[in-house]
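So that you can tell them apart, the chains are marked A, B, C, D, E and F in the order they are listed, and the count of residues begins at 1 in each.
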């Protein structure tokens, strides 16, 4: 069934680099041609580092739950570079600002022990402890990231940095900029949503159509605008309900109503 | 009598998990069908974790005193998961921010020693030392919670997180979000209030009607809009007064007049 | 004379509990029936804790100098509970925030060694180091108080908390709330003022009438609106002046002109 | 001459209490009947403490340089109380906030070793490190002062506190209040100014008249509104100039133009 | 090819001073006569220090990526002064404010060991940890820089300071000022852009014209307004794409659309 | 030539007091009668301290680069007092706030070891780490300065304090005030500018006239309004250019265009 399918694909991610794999759950669903474009832009960045520019930073940005982390992880693993590492707030719970800076700095120094490396810096705003109220953030971590992305690698060392964020405008205001940017969209059309449902194998064709119809009836909207992550979570909860399509339609309708704008 | 009844039901809560039981006083009164719906949504979340998604976070939100903590505790105890734990500001009086973060982090690590766990994080805004003036809050605790809720459990570990709050809008502004949400209402109608009074056994049918009539006369309103917790406290104080229904009506009228809006 | 009278009644307060007595000077003057109502509400709170609810918090609020501390102390002493304790900023001069929190926490833990206790937390805003400019306050102390008032006592322990404040609105904005509230008024009418003067024994009936007349002439107002504390201080200074009623009228008129609104 | 006169009167201040004397330079000039009234109000406060109220706080307030410190010192010395002490920012340069609080607290504890004491707390706003920009101030010192002024002395101990400030409105906003207040004015009329000049012995009657006339011509104003302190400094500088009255008129005119409002 | 060309010229920079060379990549392209003017102004500053003024500070300012660091480095190296040193945030990742101040102070003291020195302080705003949100910055580092630039060197010591910034207005608001200023422009005209492309050797004349035409078509603008640094990065990425001119045009068009104003 | 002339006059400053001399470069040019007035006011202050007032503080204020430090140093040296000392931010790079306070306090205590002393406190705003953004400043240093200026010297000790600032209004807002004030103007007229050029000996009469004419043509203004310090720096840079008068005119025109208002 659907859940088992998710479990199954896990090892796919973990092959090259266990570190990254542990944090990713499920496979990439090619629900839109944009997914191919995104991964193609990733390959271009990888080749630029491999063959020309010794350091390149790329910002993978998009709305919450749109799949940024999974896509950046896929790019990193597909590079087959000898050094692949994830920098993530999850691994620094309870660290002081100084400890975080040192940990990040160490990851860059480790990367420079290999000829070719890729570092995924996941969820920059979380790493910065950023909160819109105040606003507050760790300027120490911010400045360290800016300086490390700006710094030329040692001789014969090459490094790609993939940073993810759902707060691109905020990062710009904080003077955090990458050299390139890749945008990740939400699941936006009913066709894309249908593709995801079909891929899950959890719904009959009939149930899937009923669910989409009910969503449209409730929201009065044919546009979806919800991240793949929330859709998959909704699916998992719905499978526990006797009325699976009904529950899924309710969850999706609520998510659509709560859509947040992204810039 | 009423008070003894409350004392009596206490052990009910404490059976599965003494930790939680100690903090809850009294039983769940089914004064409205919403109470059943809420507990049903809790069961769905429990099954999702048990059978499909290894980690799920649910926000139990509602006005002050509406019964969030008691309902979240009930859900947790009814899960019968081998690990059940409450994280509460009450147990961290005098802790530094760093000590709080470490305590919370430890609870999560403890949970991951069991195959199935549920953590109730009670009153998130209190845990964050949140005050509207400033506003001020502990960004350290906030970021730790966000990171811990986002983190995949170790292999073969499953965890449900039930967080309670009466400041849902604030939490949203602080970027604290759960994957699912359950709303807990106030006691809103005179029928619901009557149900609670009847259940208490403290009032004769006549006294109960007189009290409700007096409340309506004083406030000029048939809507109640007061949390179950304040109603039960009002009842306990009133039982000490010679004019029990009169005192209760006065206390309730003041509470109704001071109703705070909730979003 | 008046001053000696004040000295004399002092031991009355100090009987049950020396701690409290040391901080109170003078007796309660029953200048209005509100004083009886206030003390009656105190008795109801005491009985609720004794017989029903194991923990209850009551906010004694009113304008500066209206007699809140004296009345809360009277309620505490009249409870005859085995544990009676005052928490006051005066005893924590030079403490760090952490030391204050630990001192307060210890007082609660001490209270829970007795079956029945009452804690008077005097002048919450002072305890919080609250200043309107900024505003500034100790969030550490605030959060500790909120958590301690919310916490269920250990089995078979019962505790009444009487908190005093002249900044009720501020406390509300700081999310500090008690379960019940008792309002303490100023000395508002000329009759009430006359009662106080008569009780002091310092004025002849004629002098007393002259003073009140002069106050009305100067302020153009028959309303008094000054706290009992300032009236008694004014009396003491006036007794040093050769023209006692004249000086008293001048002091009172200035106080009336400087009346601060209270909400 | 004038300067020698100032030097001469110095010991007068220092007799009773060297501590205070060292900080005061020159004598009290009775240039207006208000000076007598102010000192009379001081005597009333002293007697109130001696005979009736065990603790009393008085705020001596007025524009910068109006003579507040000198007048408070005179009151303190004239009390002939066995304990007289000055608390002043000048003696705490380089102290941390905590050290200041402890120093102040110690002074109060020292005072309570004598049956009768007077503490002059000079220039409260300076003691608080208060700056209008921000605004900034030491909340620690502020709260310590508020608490110490509020605290009942030990049995058989009596204490008068004379606090000086030129920022009365600010102190009120900071919740710092004394039980009584004494206002100190500027030198406001030409007659008062003439009295001061005559008392100095530095000017011939003619020069004095010429100086006052020139001031009026330059400023177009008959009101003076300058503190006694600045007038005396102006006198001292002028005596070094060959054209003494001309220089004095220029200095005074500039001071009058720069008059700051006081509330 | 282009990339190899860049690699080749590297040693040119590193000859005089390895420290500086390591941080610079590629050669100076004389795409406009302004480049000659800028370097001429640099020579004037060098001679002023060599022959007349013992200390001189010059601010090299311009939009992000306009080539400020490379040009300042070229000036420094061309001076052939015995002491040449770069102060850069990159070398102080994880330093406390105090450590940064000490490091900067040490560099100045080292400079004063040589008769003639030049210090490049790169990217002042980064060194100050400056962020527009707040705004926040290290006042400690700022004040140290201001004081060090203001200080006369020891006898017989001469020092030129070249500071770079893309935040001239901010620095002015922070009271950071140099004695002289040199402005560095973007690549602004199509002719200048063509010069850069031709110099790279990566494009055929035809491809170059096609790229510029496509940029104009997309943006509807003949002005370029992009820094040389972003143009060179765009070139490097484009060489990895099969459709090199098309990719370059897309990257440039995006950069032109995102042009930020500079003052 | 001009530069040598500057070098030559240096020892003039350093005679009396090497400390001060080291920080001043060049001589005082009497380009306007205001320079004489300023130095005369300095002599008056010196005599007031010598003969009458034991402590006096004077604020030497004016636009940036107008010559405040040089003039205050001249006054100090001309006093021939046995103790002369400069307090300057330059000598406290890397000091903590507390260390600065202690250093300043020590200088005052040292001064009180001599019967007659003068302390130049240079650039108060720099000493306070003052930045308009925020604004931020060291309240510790500010309060120490205020207290030290207010404090009576020990018996038989006399002290003149000369403080310089280009931020008089800011200091007033910070409650920092001296007893007297001396204003230092810019070089304002073409005649004054000609005087300076002539004194430098660097220009022929013809070149000087051409330079001033070109300045007027470029700016369309006959007012100069630039500090003597920037004029002298402009002169030194211009002497390195082949077209000396042209370069000087360009530098001056830019300075005139960037004139900042001063209050």
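One rule holds for everything that comes next: contacts are C-beta pairs under 8 Å (C-beta built on N, C-alpha and C of every residue); 3 or more make two chains touch, one makes a residue touch a chain.
None of these values were measured; they are calculated from a predicted model.
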item	value
Shortest walk length in steps over touching chains, chain D through to chain E	2
From chain A, the most remote chain by mean C-alpha position	D
Shared interface numbering between chain E and chain A [over half = same, under half = different]	different
Inter-centroid spacing, chain B versus chain A (mean Cα positions, whole Å)	34
Approximate Å spacing (C-alpha centroids) for the pair chain B, chain D	59
Contact graph of the chains (line, ring, star, complete, other)	ring
Direction chain E, origin chain A - full chain order round the ring	A, E, F, D, C, B
For the chain A and chain B complex, residues of the former touching the latter	3, 22-23, 25, 89-90, 92-94, 96, 125-126, 129-133, 136, 230, 233, 236-237, 239-241, 247
Residue numbers on chain B that touch chain A, as the complex places them	44-45, 47-48, 51-54, 56, 98, 101-102, 105, 135, 137, 139-140, 142-144, 146-148, 150-152, 173-175, 179-180
